[in-house]
């Protein structure tokens, strides 16, 4: 396992590996999404309290769940970048950021649409701790991407952004707790999300799991694709890239 | 600080540095022993400054090692830095402070207590007599460089790494710096420097290294 | 090493006092921003005391962040930062001193000015006490976190706005606990919990931020 990881860290090997894996991932993602969407939106029963709007959870819950996990992946890859100076780890972190930001954005939009039916006529409720945490997470992603693109030298950008990602990951639990405390000051904070997912009926839980799988696979696929792009860009002066381009041209 | 077992020397093993996409140099091997001066030559952009900064430990090489007295400089950076004086492109002096204050602070930061007498002597030796208490803001570029060079006298470190030390100096300043270098080498010091003009020192052989 | 740290403290304080404008400007900024908010409301607005704690905290946060810009920049530009990076002492200890100086010259004056501004907002005495206490605990955290952002961007030419993108989201917990405690205290509620939590954040920032600042500076020095 360890040896395999080590091999995966070498750019040409990673490139070949991803070429093989990507089509399979694409098929898997497509299947999971088709099954999840049809099951969740048409077959599964609607929540008797919230009616049809509850179906938005099949997008909201996976998106918000992975928006946080992707930041963790980014932070771990950043730690690897700083400690072992593995180029590929930096690329994984850099490629994760826009995907994570997109997931966070989806979670924010769907959360506010879902919330609208529960809060009455407002699209945004400051007293919802989960939406607040998502919003701050979105800011963290934006800051990371801004710093990452501000440096012209790739190596320095990688290390500077890695420091920021680690600082961010230390802050996430603090942010989370502070937001919880803050919203508890206001009366009637609405709880949804994980708690909701844990108590729901199996007939709704299984399609939710399928959608979670779909979002995970989508992330894996986008991550591999984007990492490949960054890799080719970064290694464009290296022999194996030139060789490959020549082969493609022939 | 423990005295190293190996003789005083600075050596690089297979050093390679990159900046952005470009490899500045690779496979660089050289050794500077006590009493030797190494002049690094090369066109603009050939990586002279990067090499000096790498030797200081400010820039991280992509491959290879730098050894000080047989030990990697990253093994014990504190004791390496205690024996190193670096003067870069920027003089590293505060314009708001006078030469006297600048030197007092830079010596204090290194953990050396210094008498006012030594301080004034150093400023005198580098040709700044009469300017001790003028804010550096009002000094010329050459005089500011002299303030930086006065640190060399006070630091008493073994290894000097100097980036274009002759820049902005007039003929008298040139002369003083040359004397300073010669004296340092005679006492068994080491010097690595870059310079566009030929460095001529009495009784001292100069090693040259060209970067392409 | 202690001697060297004291020298750095003395040097930075001396440099700060040689630029009295840079010392006073953040405080004037603080004052102006705080006074702007009531002007954006109706003169007799009953929201004033409610807003006070938030407005003063946000203004303190901005003043602290803007004044951080020069923390490493001038040292970077004249090469003294390079020399500091080559000292035989841990860089994290040296940067802690620099952050301490920043807090002494901006954080402390903000804490001292706050009660005056609190009274302008009709915050009750309990609230003002909480305001001073939370600012005292919170402003060092602002300086420490802000210094990470500044250290990460000091070698970039367009640092200014970028720093705020990096730093402001990280300031949010301090803002929430700080302003929230003042609000609670004004209502006569106990604020022991959030204040202790702010103390914990300060301890955490004091232990971890210097490492991050030193690491970031090494990258900027390359």
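By letter and in written order, the chains are A, B and C; residue numbering begins at 1 in each of them.
The rule is simple: a contact is a pair of C-beta atoms (placed from the backbone, for glycine too) under 8 Å apart; a residue touches a chain by one contact, two chains touch by 3 or more.
Bear in mind that the values here come from a model prediction, so they are computed numbers and not experimental data.
Asks: For the protein chains shown, what form does their contact graph take: line, ring, star, complete or other?
Replies: Topology of touching chains reads as complete, every chain touching all others.
Asks: Of the chains present, which has its C-alpha mean closest to the combined C-alpha mean?
Replies: C
Asks: Report, in whole Å, the distance between the mean C-alpha point of chain B and the mean C-alpha point of chain C.
Replies: Each chain's C-alpha centroid was found; their separation is 37 Å.
Asks: Let me have the rounded angstrom distance from the C-alpha centre of chain A over to the C-alpha centre of chain B, please.
Replies: 49
Asks: As a quick test, compute the distance in whole Å between the mean CA positions of chain A and chain C.
Replies: Going by mean C-alpha positions, chain A sits 32 Å from chain C.
Asks: Tell me, which residues of chain C touch at least two other chains?
Replies: Counting only residues that touch two or more other chains, chain C contributes 222.
Asks: Among the residues of chain A, pick out those that touch two or more other chains and give their numbers.
Replies: None at all.
Asks: Touching chain B in the complex: which residues of chain C?
Replies: 1, 3-4, 7-8, 10-11, 14-15, 18-19, 77-80, 82-90, 221-222
Asks: Which stretch or stretches of chain A touch chain B in the complex?
Replies: 152-155, 236-237
Asks: Inside the complex, what are the residues of chain B that reach chain C?
Replies: My answer: residues 53, 56-60, 77-79, 81-82, 84, 86, 88-97, 101, 105-106, 108-111, 113.
Asks: Spell out the part of chain B that touches chain A in their complex, as residue ranges.
Replies: Residues 18-21.
Asks: Residues of chain A touching chain C in their complex?
Replies: So the residues of chain A touching chain C come out as 82, 136, 139-140, 142-143, 146-147, 150-151, 156, 159-160, 163-164, 166-168, 170-171, 174-175, 177-179, 181-182, 185.
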